[in-house]
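To keep things clear, I will list the structure first and then write my remarks on it.
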Amino acid sequence: MSQNATGWTREQMAENVAQDIPDGAYINLGIGIPELVTKFVPKGREFIYHTENGLLGMGPAPDPGQEDPELINAGKKAVTALPGASYFHHGDSFTMIRGGHIDVCVLGAMQISATGDLANWSTGAADAIPAVGGAMDLVAGVKTIYVTSQHVTRDGTPKLVQKCSYPLTGKGVVSRIYTDLAIIDVTAGGFQVRQLAPGISFAEVAAKTDAPLLPKGKI
Amino acid sequence: MSQNATGWTREQMAENVAQDIPDGAYINLGIGIPELVTKFVPKGREFIYHTENGLLGMGPAPDPGQEDPELINAGKKAVTALPGASYFHHGDSFTMIRGGHIDVCVLGAMQISATGDLANWSTGAADAIPAVGGAMDLVAGVKTIYVTSQHVTRDGTPKLVQKCSYPLTGKGVVSRIYTDLAIIDVTAGGFQVRQLAPGISFAEVAAKTDAPLLPKGKI
Amino acid sequence: MIDKRIDSIAAAVADIPDGAVVMVGGFGEAGSPIELIHALIDQGAKGLTIINNNTGNGEVGLAALIGNGQVKKMICSYPRSSHSKVFPELYRAGKIELEIVPQGTLAERIRAGGAGIPAFYTATTVGTPLAKGKEVRTIGGRDYVLEYGLTADFALIKCETADIQGNLTYNKTARNFNPIMCTAAKTTIVQARKIVPVGTIDPEIVITPNIFVDRITEVTDPLVESHLIAQGAHYP
Amino acid sequence: MIDKRIDSIAAAVADIPDGAVVMVGGFGEAGSPIELIHALIDQGAKGLTIINNNTGNGEVGLAALIGNGQVKKMICSYPRSSHSKVFPELYRAGKIELEIVPQGTLAERIRAGGAGIPAFYTATTVGTPLAKGKEVRTIGGRDYVLEYGLTADFALIKCETADIQGNLTYNKTARNFNPIMCTAAKTTIVQARKIVPVGTIDPEIVITPNIFVDRITEVTDPLVESHLIAQGAHYP
């Protein structure tokens, strides 16, 4: 992993996530950085990808010109089906999600609280059109929820907070956060650093986190 | 239909039922006389048979020696699958039943009350082993429940009663009863004769019915 | 011989009345019965409640039905897309109602409606604004909200192959909401890319058994929504 | 490459502990995983709770497991059959518990357990002795009883074809409870008549996707329960 004074790149964040996923895991990936996880599957491991619109064993995007408008993912982009794939209807697809059969879901976030609450679907603004998709089902049903996101918003506002101000997607659901600055566990004692990005200090991460931050190894 | 001083035969009872089922109906048949309905499909009509263990488009028993132990009906007898058949699991099979998709279910009975309650699964005896199968799902879910049964038990006890003494299968579910003596509707006013078997008098049917009986045509 | 074929798409949707509740299959463009939707635009029924995961794209298909002022209310999980302008404008103008339902709860409510399950509990939305006003119950130490089954007067469905009695198969991720919607509507209307004789589809691979299908029309070469949008098409 | 094959039937069931809750697929003999059941008899776990539609036939398969004194409780819809003597004798002697569940409610409870639905309402049993002690709720003018999802520690499943990662297809009415049980157990153990390489089964015809399967063993020529009973066989 190349060093970077300003923290990890999007690709490195995805690679960090991929390192923590065990061989044989069934995974559902959100849009954005989570999608990059597929590029960093550690050697010797195999992941099986689920997309909530009815495909297990999802493969990469097809070559240009090979797209099938009826073979898409939850983000409505053209995908492929790998050997061993299966198609099923939405009822069965959410049996996999709600029933706890998916091992890991990796999502983006607007805010994450110190107790693992996640807000990633709405700013709650008066003129916003609510649109939740499958996010609430995923966080309620999947065994392990990882979040990967920039540590702060574009204007520098912390995304890791004591209590979310945006409407929640789920309560107490996030177990680990992979940002550009650090990997952080949500523990019974709150946010705790698991690993700092090369060249990033604990103090800097703490300053950009709007909640108490425990250093690595404490409680 | 041949005349019979002692009422209709089992075959004639089944034929009476079949006459009342419309073309294109989806049907579930109980064990015993109901099974004979398949032999009396009126000319110009087609029925599609459902068996709750996961087959729609059930056909007759196979020729001897052609049985497949994995192609059976709910009574665990060898059957066949007709062209246009489909297999499905028990969850989907009872979606058909509970969801009101089956048009007609024809069942046997131990007792039927004047308000359409059905008892056909247990005598309630202390040493009886309870065994309900799919009967309660069928009566709760299928649009129209027909009962076909001898009018009285072997020892002459009426099966059509004011109130069932045996444990119920369902409450207010039966709409019509086809016995060896008469075809009887369950109406808001109680049992009402729809048709008497040839040679059978209203007085005889009334005497063998343990509840008030309305003649044909009266409210 | 039972035969559920209808001569024309127009005839297939002719009796959908004003105010009907209509489930529309598809997730994005995959499995979207675009010809049946366009026939419903031609037919003109108004005040409809539409159940679909989204609100359509561009100005064709479901988006065109909404744009034509025929829809009173949308029940969906995600009323946004990169090419959808019609719904947001009507919604901001207060001209269309929206019931937002998480995708998995939407699927389960439809499946429950079809299966005769009037209500069920789910952990989805617990602790979020979407649980507001809903009954919460603790079962086995976890909180769940009560959700109700959804049914419809009609379902508009796209499938790959149908036999003339209504056994259906689908194409890849075009399956999505279609099979569960077939079970939850009083009248299920299907456009099939291909209609085949009874006995042609192996009973082991039927996805929608014929009991859930009422009318079938053949649309051999259906419009492709994304192609239409790339061309800037609009309907009518 | 993910590979869920287990070398022997004995190894596949080796870790089922005393007191486990075990779903056993099959309806009558169709789809009954008789070799896995016999392996469980050899293995000897006791105090089991078994979920199956019936209680087995003759003195082989599920009836033999019960007869061997390994089952504390049966959850089923119909504990009788023309060749079943084992269960009635134990039941009358007070040596086995019975929870009787209507067949459709049993199926839906298993399906709910697998789908993360902790409870649901159904009209089945309303007004009957089987509704005794159950919550009744009026929804849309009709009464329904509350039923709870069922899950298990293990499921024993018979399928026709499995790929090595656990995609399954079934044979005719041997499908029955097997696919829903695959979804509702922590560990799903499958005996397949044939195991094939990944990519062999068309993704459109997979009945049980591999996410629901943990272990697969091949039993090329499974015993036929009715033939065994006709021969007067008993196990062990």
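By written order: A, B, C and D. Residues from 1 in each chain.
Assume contacts are C-beta pairs under 8 Å (C-beta built on N, C-alpha and C of every residue); 3 or more make two chains touch, one makes a residue touch a chain.
Here the structure is a predicted model, which is why all the values come from computation and not from measurement.
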Discussion item. Going by average Cα coordinates, which chain is farthest removed from subunit A?
Written reply: B
Worksheet item: What whole-Å value do you get for the distance between subunit C and subunit D if each is reduced to the mean of its CA atoms?
Response: 34
Discussion item. Report the inter-centroid distance (CA atoms only) between subunit A and subunit C in whole Å.
Written reply: 29
Worksheet item: What whole-Å value do you get for the distance between subunit A and subunit B if each is reduced to the mean of its CA atoms?
Response: 56
Worksheet item: In subunit D, what residues contact two or more other chains?
Response: 108, 111, 115-117, 122-123, 170, 172, 203-204
Worksheet entry | Residues of subunit A whose C-beta touches two or more other chains | 55, 81, 87-88, 91, 94, 97-98, 141
Worksheet entry | Pairs of chains found to touch, sorted by chain label | A-C, A-D, B-C, B-D, C-D
Worksheet item: Which positions of subunit C touch subunit A when the two form their complex?
Response: 27-31, 53, 77-81, 87-88, 91-92, 98, 100, 102-108, 110-111, 122-130, 170-180, 207, 224-227
Worksheet item: For subunit A, which residues are in contact with subunit D within the complex?
Response: 23-24, 26, 46, 48, 50, 55-57, 81, 83-88, 91-92, 94-102, 141
Worksheet entry | In the complex, subunit A residues that touch subunit C | 51-55, 68-73, 76, 81, 87-91, 93-94, 97-98, 117, 124, 127, 129-137, 140-141, 167-172
Item to complete: Sort out for me which residues of subunit D touch subunit A in the complex.
Response: 1-2, 111, 113-117, 163, 165, 167, 183-184, 198-199, 203-204, 206, 209-212
Worksheet entry | Contact set on subunit C toward subunit D in their complex | 108, 112, 115-123, 137, 139-140, 142, 144, 148, 169-170, 172, 203-205
